[in-house]
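Below you'll find a set of structures to go through.
Two complexes, one shared chain (chain A), two partners (chain B, chain C).
Presenting the complex of A and B:
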């Protein structure tokens, strides 16, 4: 058990290191931020001063070591635009993003999992086909198209809901629905196939052969076993709470982390982009780690396998 | 002896076409139509897709010269749609091929060398799978500037880890089978063993994964272009059209309706085809 978990923690740390390096290499070597910020007409001495003040004139590996050291001190650089600490800029956007993604996650789980279970228990019927058709539609309609269609219907035609902005909770309805519907479709598909897999297992036949009522067999044997793959996908969704709303926030002009990222990317604001990348990586890695731990408890075979030298 | 076996079935000499489900036939028709449009875009488009016609701005659909209407600069929406289909499909095709090539090569390398190489490939695959692709793509694209080759190359990283895992797993099991060992004993180089013998044997599984990744690439590219960070003007793509059509949502919704419908139907059609091919070729992939 201990070996299983420490292996997971080691891999999580490795992922974080990879992200830090990726962010650093890509963002530093791709372009000269001094020219982008100051413009090509800036005098050479101004550019030189700017490069010196940002440490851009050091060799790349010195910049890297400085960067990693700064992360350990909790310094993630300052926005090159207004000089404020990047982490502050990002942090003040997080509540707005969570105000969308948390309710959307709840919506996905509330619709997706019951729909998937329901469809699997009525396999091949009209109910099943309807749920699956909805699930396929939810996957193939990109969120910006769904969002704009909802705006066209509920804002433009009916005039019931605002099309963008963040003034009241009413403004959050359309973005939340847009994200929730697509995610619910994915979750329904996953849950259904996980349930079908379990329902075909011999232990389900044994359960009914020994006279267990079907409803109890479902509750005691099918649902806990189908939970394992479903936990994975929910864990992935938890990992995207911070960054999963890039497109939807743009559609609805919602001032969250996603919008900040798009703006920072078009402004080539290195520090802010790095900060968001790191934050996203950290949330992804943490939620993956949580899923792994949950696995270890839900399915002791996995941890036992690791101890025996398996996966 | 009494012949107990039932009468031998009369052989029919008609060619029996596989019977396709209705949805699959429709999906196939749509995909073929899209490919034809992409290949013959210049001949099909009634106007140049950048041709301005300032006298006919925001014309509603239905006019004989502008069947799908015009946009805010008087550009013909149908012609732009045709050009966008070409670009979006070209990116998706190119990216899917690159991704399959990278993934399969890395998977083979992992299977051949095992040990450290395998660990590195698997670690990179885990890394790719655990990070949201959109976020990484956004950072790379905006910081390297925007060009079509770079966009295709970047999209070519989408989903490589799936091919790598599949190719590695299948190549390892193929390596322990007789035929691969036999060719190796005959003195074939590793490149020949993997390229000429193992690859053809696992190609069907890889092709199935390509049809499953392809619609996701279309969605990813259109999302990037929608954000204004993918295909750059004056070029156009389906996501691009939706992105700027959004400014005219109330006055001219037709600008974004036709590309939106095209994105949805194309991803739907390819997904249906992919699922069908998977179910009929390789039921183990479910």
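Presenting the complex of A and C:
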């Protein structure tokens, strides 16, 4: 068990390191923050001073070593625009983002999983085809298109809901629905195929052969097995709670982490971008760890493999 | 056979999938405590017969005919009624025990379900009875093993668990669908012995579905041979193996290596099982039969008595009958073996 988890944790750290390093290099190669923040008209000595004060005049590997050393001291750097600690800037945006992504996740689960189960139990019927057609439509339409269409209908035409801003919970409805639809569609498809796989297994026939009513066979025998692949997808969605709203926040001018990221990238506000990416990688990795842990709980075969020090 | 009131009687049981008929009017009686072996190549309809009788085929299957359990037709029965019969009166075990058990539920839970459904047990009584059943089927350390999962058992042990689960409802009939096919040869014999001993102890009837004649001859009093969705021969296993009547049965037995006597070349049956979507005219076995002539491609031969207690579906039945009669005269046997 210990080996199982230490291997997982090692992989997780490796993933975070790779993400952070890649972002560090690409951000510094792609544009000069001094020119972007101070503007092309700024005098050369000001630009030089700016570079010196942020350490941008050092060779990139020195900057990188400094950056990593700072992370280990718990410092994630300061915004080049207003000098505030990057972590503070990011942290004050997190509640706004979670106010969208958490309800959206609940919506995805509440619609996607039951719809997938329902479709699988009516395989090949009108119900199944309708649900799956809706699912294909749901995840092929990009969220910015769906968001704008919803705004057009509910804000512009009907005037029922606001098209942007963050004043009341009513402002959150359209962004939440926009995010929820795509995720629900993905979950519905995955749940359906997981269920179909399980329903074809010999143990389902055994359950019927022992006299279990079909509804109970589904509940007690099919669902626990179908949960295993479904948890993978839900885990992936949990991993995007922090950074999954970039597009939707931009469409609905919602002041969350996503919009901060867009602004920080275009400003080459290095510390802020890196701080967000570190956070995103960490949540993704953490949710993967949670999924691994849940697997052990849902599937006794994996738990046994883990105890035996297996893969 | 045809005793006064059989435990279960199949009458003209037919099954089609998407308009393709795979089972053509199977008639079969099983008496209380009787043992019947059902043999034939894969695809001959052995399993489908019993899955149809128990309502375990997928919804697209069209089933005709009747399956009478003590006179009650299971084909026409409601789902609720079938749930009570399945596991309660008729239990079934399957070929691959590892995949026939749910991988994420403990053995206790899976046996306990049957105990709760058919015996009304709950709480501690479930655990005690499940342990007794595991002891009965020869799983050592039953108490502790109840909380184990199927992957922690070997194939043979899983089949023992399946048998324990089947016995949980105290059924009158156990249908064992190729119960030893997925197991090692040494384990096969153990499982067959176990089936035989629990049958003797409980007095339940047993249907053993197998493509292995050896397995069937060892365990069953009667044998029915299936080919392309029909029973082609049925009779007491001793006589059927000693003196097979249908050319297909003779072919099957000819393909078995003899245990004693001189070594001989094994004879295989040429050709393959016909495609149910495109069956040959007349007798389905005719294209592979060494004895077929033009009579065989006319009407499909119906299954008819050829001796007391034996039936066969072959136009040669007429010849067989006279042959048997002649032999009966020669050997001065009683009228019992003479055709009616």
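As a working rule, the second predicted complex is superposed on the first by the 302 of 311 C-alpha atoms of A that agree within 3 Å, B and C clash if a C-alpha of one lies under 4 Å from a C-alpha of the other, contacts with A are read in each partner's own complex, and residues count from 1 in each chain.
Here is the rule we use: a contact is a pair of C-beta atoms (placed from the backbone, for glycine too) under 8 Å apart; a residue touches a chain by one contact, two chains touch by 3 or more.
Note that this is a predicted model, so its numbers are computed, not measured.
Q: Is the arrangement of chain B and chain C around the shared chain A a clash or a fit after superposition?
A: In the superposition, chain B and chain C stay clear of each other.
Q: For A:209, using the defined touch cut-off, is the partner it touches chain B, chain C, both, or neither? Pick first, second, both or neither.
A: second
Q: In the overlay, answer first, second, both or neither for which of chain B and chain C A:21 touches.
A: neither
Q: Should A:262 be classified as contacting the first partner (chain B), the second (chain C), both, or neither?
A: A:262: touches chain B, not chain C.
Q: Could you tell me the angle at the CA centre of chain A between the CA centres of chain B and chain C, given to the nearest 10 degrees?
A: Taking chain A as the apex, chain B and chain C sit 80 degrees apart.
Q: More residues of chain A in touch with chain C or with chain B?
A: Here the partner covering more residues of chain A is B.
Q: Answer with first, second, both or neither: which of chain B and chain C does A:250 touch in the superposed model?
A: Only chain B is touched by A:250; chain C is not.
Q: Between chain B (first) and chain C (second), which, if any, makes contact with A:136: first, second, both or neither?
A: The answer is first: A:136 touches chain B but not chain C.
Q: Determine, under the contact definition given at the top, whether A:224 touches first (chain B), second (chain C), both, or neither.
A: A:224 contacts chain C only, not chain B.
Q: Based on the superposed arrangement, let me know which partner A:6 touches: chain B (first), chain C (second), both, or neither?
A: Neither partner.
Q: Figure out whether A:145 sits in contact with chain B (first) or chain C (second), or with both, or with neither.
A: first
Q: Once both complexes sit on top of each other, what is the least C-alpha distance from chain B to chain C, rounded to whole angstrom?
A: So the smallest C-alpha gap separating chain B from chain C comes to 6 Å.
Q: Jot down the residues of chain A that show up as touching in both complexes, chain B in one and chain C in the other.
A: none
Q: Where on chain A does chain C make contact in their complex?
A: Interface residues on the chain A side: 201-203, 205-214, 220-221, 224-225, 228, 298-301, 304.
Q: Going by the contact rule set out above, which residues of chain C touch chain A in the complex?
A: It is residues 54, 56, 79-80, 83-88, 91-92, 94, 96, 99-105, 113-114, 117-118, 149, 151-152, 162, 165-166, 168-169 of chain C that touch chain A.
Q: What residues on chain B touch chain A, complex-wise?
A: 123-124, 126-127, 130-132, 134-136, 138-145, 215, 219, 222-223, 226-229, 239, 242-243, 246, 249-250, 253, 256, 260, 263-264, 267-268, 271-272, 286
Q: Which of the residues in chain A end up touching chain B in this complex?
A: Counting only chain A, the residues touching chain B are 11, 14-15, 18-19, 22-23, 26-27, 30-31, 136-137, 139-145, 148-149, 151-152, 156, 163, 193, 239-240, 243-244, 246-247, 250-251, 261-262, 265-266, 268, 270, 273, 276-277, 280-281, 284-285, 288.
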